[in-house]
Amino acid sequence: MSKVIKGGTVVTADRSWRADVLVEGEKIVEIAENLSGDEVIDAEGAYVIPGGIDPHTHLEMPFMGTTAAETFESGTFAAAAGGTTMLVDFCLPGEDGSLLNAIDDWDRKSRDQICCDVSYHMAITGWDENVFNEMADVVNKRGINTFKHFMAYKGALMVEDDEMYASFKRCAELGALPLVHAENGDIVQELQQKYLAEGLTGPEGHAYSRPPEIEGEAANRAIMIADAAGVPLYIVHVSCEQAHEAIRRARQKGMRVYGEPLIQHLTLDESEYFNKDWQYAARRVMSPPFRNKEHQASLWAGLSAGSLQVVATDHAAFSDEQKRLGLDNFTTIPNGTGGLEERMAMLWTTGVETGRLTPEEFVAVTSSNIAKILNIYPMKGAITPGADADIVVWDPTISKEVAVSTQKSIIDYNVFEGMTVTAQPRFTLSRGDVIWAWGKNSQPQPGRGKFVRRPAFASASKALSKWKALNTPRKIERDPMNIPSGV
Amino acid sequence: MSKVIKGGTVVTADRSWRADVLVEGEKIVEIAENLSGDEVIDAEGAYVIPGGIDPHTHLEMPFMGTTAAETFESGTFAAAAGGTTMLVDFCLPGEDGSLLNAIDDWDRKSRDQICCDVSYHMAITGWDENVFNEMADVVNKRGINTFKHFMAYKGALMVEDDEMYASFKRCAELGALPLVHAENGDIVQELQQKYLAEGLTGPEGHAYSRPPEIEGEAANRAIMIADAAGVPLYIVHVSCEQAHEAIRRARQKGMRVYGEPLIQHLTLDESEYFNKDWQYAARRVMSPPFRNKEHQASLWAGLSAGSLQVVATDHAAFSDEQKRLGLDNFTTIPNGTGGLEERMAMLWTTGVETGRLTPEEFVAVTSSNIAKILNIYPMKGAITPGADADIVVWDPTISKEVAVSTQKSIIDYNVFEGMTVTAQPRFTLSRGDVIWAWGKNSQPQPGRGKFVRRPAFASASKALSKWKALNTPRKIERDPMNIPSGV
Amino acid sequence: MSKVIKGGTVVTADRSWRADVLVEGEKIVEIAENLSGDEVIDAEGAYVIPGGIDPHTHLEMPFMGTTAAETFESGTFAAAAGGTTMLVDFCLPGEDGSLLNAIDDWDRKSRDQICCDVSYHMAITGWDENVFNEMADVVNKRGINTFKHFMAYKGALMVEDDEMYASFKRCAELGALPLVHAENGDIVQELQQKYLAEGLTGPEGHAYSRPPEIEGEAANRAIMIADAAGVPLYIVHVSCEQAHEAIRRARQKGMRVYGEPLIQHLTLDESEYFNKDWQYAARRVMSPPFRNKEHQASLWAGLSAGSLQVVATDHAAFSDEQKRLGLDNFTTIPNGTGGLEERMAMLWTTGVETGRLTPEEFVAVTSSNIAKILNIYPMKGAITPGADADIVVWDPTISKEVAVSTQKSIIDYNVFEGMTVTAQPRFTLSRGDVIWAWGKNSQPQPGRGKFVRRPAFASASKALSKWKALNTPRKIERDPMNIPSGV
Amino acid sequence: MSKVIKGGTVVTADRSWRADVLVEGEKIVEIAENLSGDEVIDAEGAYVIPGGIDPHTHLEMPFMGTTAAETFESGTFAAAAGGTTMLVDFCLPGEDGSLLNAIDDWDRKSRDQICCDVSYHMAITGWDENVFNEMADVVNKRGINTFKHFMAYKGALMVEDDEMYASFKRCAELGALPLVHAENGDIVQELQQKYLAEGLTGPEGHAYSRPPEIEGEAANRAIMIADAAGVPLYIVHVSCEQAHEAIRRARQKGMRVYGEPLIQHLTLDESEYFNKDWQYAARRVMSPPFRNKEHQASLWAGLSAGSLQVVATDHAAFSDEQKRLGLDNFTTIPNGTGGLEERMAMLWTTGVETGRLTPEEFVAVTSSNIAKILNIYPMKGAITPGADADIVVWDPTISKEVAVSTQKSIIDYNVFEGMTVTAQPRFTLSRGDVIWAWGKNSQPQPGRGKFVRRPAFASASKALSKWKALNTPRKIERDPMNIPSGV
């Protein structure tokens, strides 16, 4: 049974044009004017865009002694309600350190719950021969082409420079892409101790102990290591000018570095932590913390300039009760905020409606760019014949105030609460199924989502490898006559 | 009669995939595996890419007391032989100053000669009410959405800052895009006089009198004026780090500025002017002149980083005899070099084969990006159903030494002479017609090319206008009580 | 009769140490512990610093149809009261265009009024052979080694790029230093017309029509022209990051460029123009206008980093009544504010007391640096044997609220009104004379001040000339065999 | 018995003037024209400058399994012969880890040998409570106000980020200045292993394994850590644009960071390592390695712009035989080159004679700046009454080819061999004693040198502490009503 999305303006990362979109089963089969199908989905007055991809979520993640409260079911349904049809979750090795077992765990957790498609980034939280070996299977057998490295969370997830180098080199060999959480974990810990020692225990201490310089430093370091290892690099949650500057500087040397700001950092600022209400401030605790407005301006410019490519959420939602674990000590407040459901609408409202971004750039940074980086384009991230029918009918006339009472996320608050967004998905399709329809009492369809396998050796990886091979240092050949005979 | 391009790998600015391309008449109608058509064009082992677009040529241009020797016929045929299926020529007002008459002139010159499609940029070489008025017709009636401004060539083409501002503002109103040749004409003239006065009359004086700082300054100035006028800006022939830095700096503030390096500046350096053979050096005289290798590295990085978007040629070819007009005085050597025929192959060889660029980036910077900037995408610059069948079957196995003896350009030398390129167009199609087939003794088909009309108000223009309108300074309302009663 | 300044801490640009200072007549003769002299000046608990030098004043300047209200008498007395013992005023050619006559005029105006020493910068407001010729006499006979160029005030003082180049080259020959007021006068005028046309006539329009980009552009352009002419450059009233960035970029290429922020731009911001009281806002109208706090941070960092060298005032004070000339049109509000009297105290309070500057840096940027740049160090700007006894006993324990009622300036308002400064001169000595003593009812001593002659060819000028001579482009020698025989 | 230095031009960091200098005992007592004394030192036609200070030497240092061959006697005599009158050597803790014992060791080694004055930097090569405690004594009892940290030499001298932070904080408390050797030791080691594994064992491998990015990264990291700890920072042997860029970026944020290029990096380039003669190349092995000419240009510009302050040598001289310890493995070639004797003459020749530096800047970067940074100005680094009579009569007419045969260093080669320098010390005075006289067969005077004690809390340290204290984050005071009652 076919569906035709009629009457809308298709917007891709390239262009916008009036056309209908015909869907057969899970795929887009035709884009043209005046198409017909068994079922009509009304897009009159709306945009027809590729479903959003959020490449940075932590659903049900065990972290800081608790587990992120958003489930794969609630998270993927909230995503759909917000116009996002795929998310990439971070898979963390368990106590046995095995990558493959961790994937099995994540599959077990997600399989029966997910309402839309997912994939995983694999975290490298230590280094040994087993990790080295398993990485090949992760890439080649499990279809995961990205590995995450934490430069912070010392004593827990953090890896050292030589471990990063080893893992990055392994990524280069396997055609995979390393990701980093860029903050200097040593110095974060030192500043945490300093502020605690001074009796500064509230959520504002979280922000003070993770200043922009600490993020910029780590970004800069990761870039150098990736360059030495000969591999592209993707820096998650770029929150500040310092990290962004490091990225720009690298790119201007021809290095292939990507940067991902979060919708939170684009729209919320550090004054949130100074709120007189502890719970209000604690809800906003995430790493990196929100920054001041100068940093926001830097991030926005990066999106239009192309030095930053992707807008994500780092959705890691903890309940009010969980946040209270850090009541006397900000370092034990579970780190994370939500955003999965609001990412698209918030970016449209503050980006497209203000003229900072074109509609095409909106599509690029919410979907197409990350699909290319993850090497799943145009299966995902595109409106083109043959692509998965992950499509959103995006209605720029629906205005809505963000409210916990109406959200699909199961968290008991929302960092965007009270803000008005000026667009919403009228319909969200995941591989041809309508999984969200505005005002139609849509319900979650757990278990219908699939795991998306991603092939290695994206085009940028291949180009960089070629360049590095051609430019590798050469041995100087010396005549034995010109070498002394020894000590 | 349909044609099917079979067995190749389609490469667009987005992606690469194995597919056949079906062409009906002038248009691409389908892209899929296993297509068939009336005629088969063999793409086995080759890439199938959008025809190149060279947005910067000066064919038969009256300049510096002579006329560029490359004709519309020879130029467009050379283009086709090199894989370029569209070029945008600069249309200069004549003595009457009328823009519309100039377009008529250019049409008259080009119409019966062009072998592939063309469009024009309109030059603004002075400012008055008539120019102001004609600009609307140029855009709305003649389909030209770009206006060129020369900041150099004092006493001839050069315009002053207030004229640029006026024209840029007019562009903003009309949804057109201003272009600039960025060199400080005042200081160029001063340095020319200085070197001539010192008896330094050879072609090296051309390079000395146009140092990078002079280009960077003008680029920086044009960017400020465009920002003040609220319009995007396109800077032609970006040859040096200084101009590139100004562009990067602007983009990082959210300004919408584009930069166009030339294939010559990417691959040739200033030492060419120091050649002991006068004629050799004079052939390379163009503005801006070639730079040193540090500048080349900057330009290459800009292409992969996205701070530069387009590779062009500024093809303005003068014969050896014409060059000798400046035998005793470098300032009278007609400025210009060729490159139309070699742009694609040189960029592939030095860019893609070295890993500096991916194949997709190659397509972006030779074709798709400029099509988007000129607002004719995806009619041009794309391999997609509905697009013009301007297609090149790009064969990465044909190696060739650049030689005057085999070139299609009618100029008696070639600045790339003796260099080996490692790819060539196997077939070049212009709106479905094969206009070049390697080794098949293709002949020019003058008069088959068409003028391409370009609509105003590209997406970036609209976004910028929205931003500027929202951020325009606001009047402070003052109570009459707080305003003194006068002097 | 000798004087000994006893018990203080001498602070120079180099260092701080406990010592007495012995003055004989007009000169410092000894610095050591336990000195004695005929008269004792008590410096117990205070710093002993070189008298401030304000290199940027406009006393009694005819401008915008009126004349700056601060006289040479009131201005130099206000200076003394604030710890400034020398100022450099801008000498503007009159209708006859003669530089030498202008100096005579300025001498006539100042001679009988000045309470402390002065010098002049000579303005170049047009270019012809007479100006070229007179410049030599200005430097060699009149002892003026600086020439000011206005890139703004179109139709009045503004010069074009080729005129600047010509004058800068002349400066290079004469060993003089060019100065620029850096704003793009063309675009300022365009924006003025735009805002007026929109009915935006209030003082805020002044700020809107002179945005930071316009200043940055001009600074960048002047730097390029100075580089082409082979001469150092001094940019007056650097008010924003854009101009500062251009300076830093130039310096990092080895260019010799100096930047002078004003005390106003370091401490006041653009919100002043949004004041609901017209007169309040109009009093702050000066060019460039005050900027936002990000720009302030840039300027402060420049002072400690050494990329900016001098803090001045651009003291050009117009009365409330004069300001009302622009009641209906901000472009006719006379441009200028005061600051001569508060410069030292404001900088101490906001710079040294906050730790942004060391006491030594305070001395450097208020006195020693400009003395070196003007090539009159250590006659001025130093506490060293042989130097002029221009000395301030600077008391960091006197706190004072800036108030019109107590100021020595004759203007009827003060842009720092109501602010508290935490240091004041206890005594100000000019060539050995006490011209100001806190709380002692000091009176102006008009006519005691002298004109300070400044020699050409400062050390940086000589070094730059040497570098430029060694690096001048060289002619390529070509065998006649390799030069064609002509057209 | 007094000495008068007659007929010369005194050059300081501030200015140049004709004057005689009168020395009584160890001190300068007067500077004026026409002085007389018991003994006349002829300075006719020469400059009279402060003795050079080389703040970076490793004499007789145990390192990499051997001991630097230059002794305190030969080193200090070579220094004197080159116009350097003070050097600061690096004191490394021995196996017991005690800082105080290390100082005793160094004293024992140096005391009877030194011909001129010395001081030490204390190295922090690990962190524990004893080090923390001893640091106070090092500063307050031993007069050492600088602590060196190695970010490279993993497994030997290297410290981790948290150790650096702890030590930097301790420096802040004590008013001391941390120094860093900035290279990422982890990545250096990885690259060393990589190249060795590829069979690339020659000296060029040393350069390949320590690319500029690795230095830039470490510099950037150290700067962040210093900023977090609230202390100024001095980066030794800045060899490349990357490290210099990090310094400039920091300074432009108001951070107090100093950079020290070496004379070797200013004048020699990486091609030295590609020499076909193994021994030639091995002699040049030092860390960081020599860089290409673009980096040299960056360093030179930094000296004139003020973003780099000091020119040193890192004199650590190993004999040919010692170098052959790394015959089969570049990682075991002892790192180090000489330069102590040539620093002044090479910098004069390539800096002042070319116009890159003024004579005053030459004095600043060879002597005065480091004296200020080390808080011993004007006892050292100045020509002023009361200063130590460490004076050089600098003769710009003595041209000399650098040659092992004539050098005073006892090393069997010289990295500047064959180069011509165009100035030499005619006389070198150390605290009033002539310790070198050109052409007079001067002999070392071992044991006459003294250890120079340096007080803590230099002016920049105090200012920074004040700024940090004023800008420390503040606790948000929350009403108990607004804090939840617990989990």
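We just call them A, B, C and D in the order they show up, numbering each chain from 1.
Operating definition for what follows: a residue touches a chain if its C-beta (ideal position, glycine included) is under 8 Å from a C-beta of that chain, and two chains touch if they have at least 3 such contacts.
As the structure is a computational prediction, the values presented were derived from the model and not from experiment.
Trainee: What chains touch chain C and also chain D?
Mentor: Output, common partners of chain C and chain D: nil, no chain qualifies.
Trainee: Which chain is most remote from chain B in terms of Cα centres?
Mentor: Max centre-to-centre separation from chain B belongs to D.
Trainee: Based only on mean CA positions, could you tell me how far chain A sits from chain D in angstrom?
Mentor: The answer is 46 Å.
Trainee: Once you find the CA centre of chain A and the CA centre of chain C, what distance in Å lies between them?
Mentor: Comparing mean C-alpha positions, chain C is 52 Å from chain A.
Trainee: With centres defined as the mean C-alpha position, give me the chain A-chain B separation in Å.
Mentor: From the centre of chain A to the centre of chain B is 37 Å.
Trainee: Do you know which chain B residues sit against two or more other chains?
Mentor: Residues of chain B never touch two or more of the other chains.
Trainee: Looking at which chains touch which, would you call it a line, ring, star, complete or other?
Mentor: The chain contacts form a single closed ring, each chain touching exactly two others.
Trainee: Where do chains touch, given as pairs?
Mentor: Those chain pairs satisfying the definition are A-B, A-D, B-C, C-D.
Trainee: In the complex, go through chain B and note every residue touching chain C.
Mentor: Chain B residues touching chain C: 160-162, 165-166, 184, 186-187, 189-191, 195, 198-200, 202, 204-205, 208, 211, 213-214, 216-217, 220-221, 224-225, 227-228, 245, 249, 273-279, 281, 320-321, 324-325, 327, 473, 475-476, 478-479, 482-484, 486-487.
Trainee: For the complex, which residues does chain B have touching chain A?
Mentor: 13-16, 31-32, 248, 251-254, 256, 297-298, 300-302, 304-307, 352-361, 368, 372, 377-378, 382, 384-386, 459-460, 462-470
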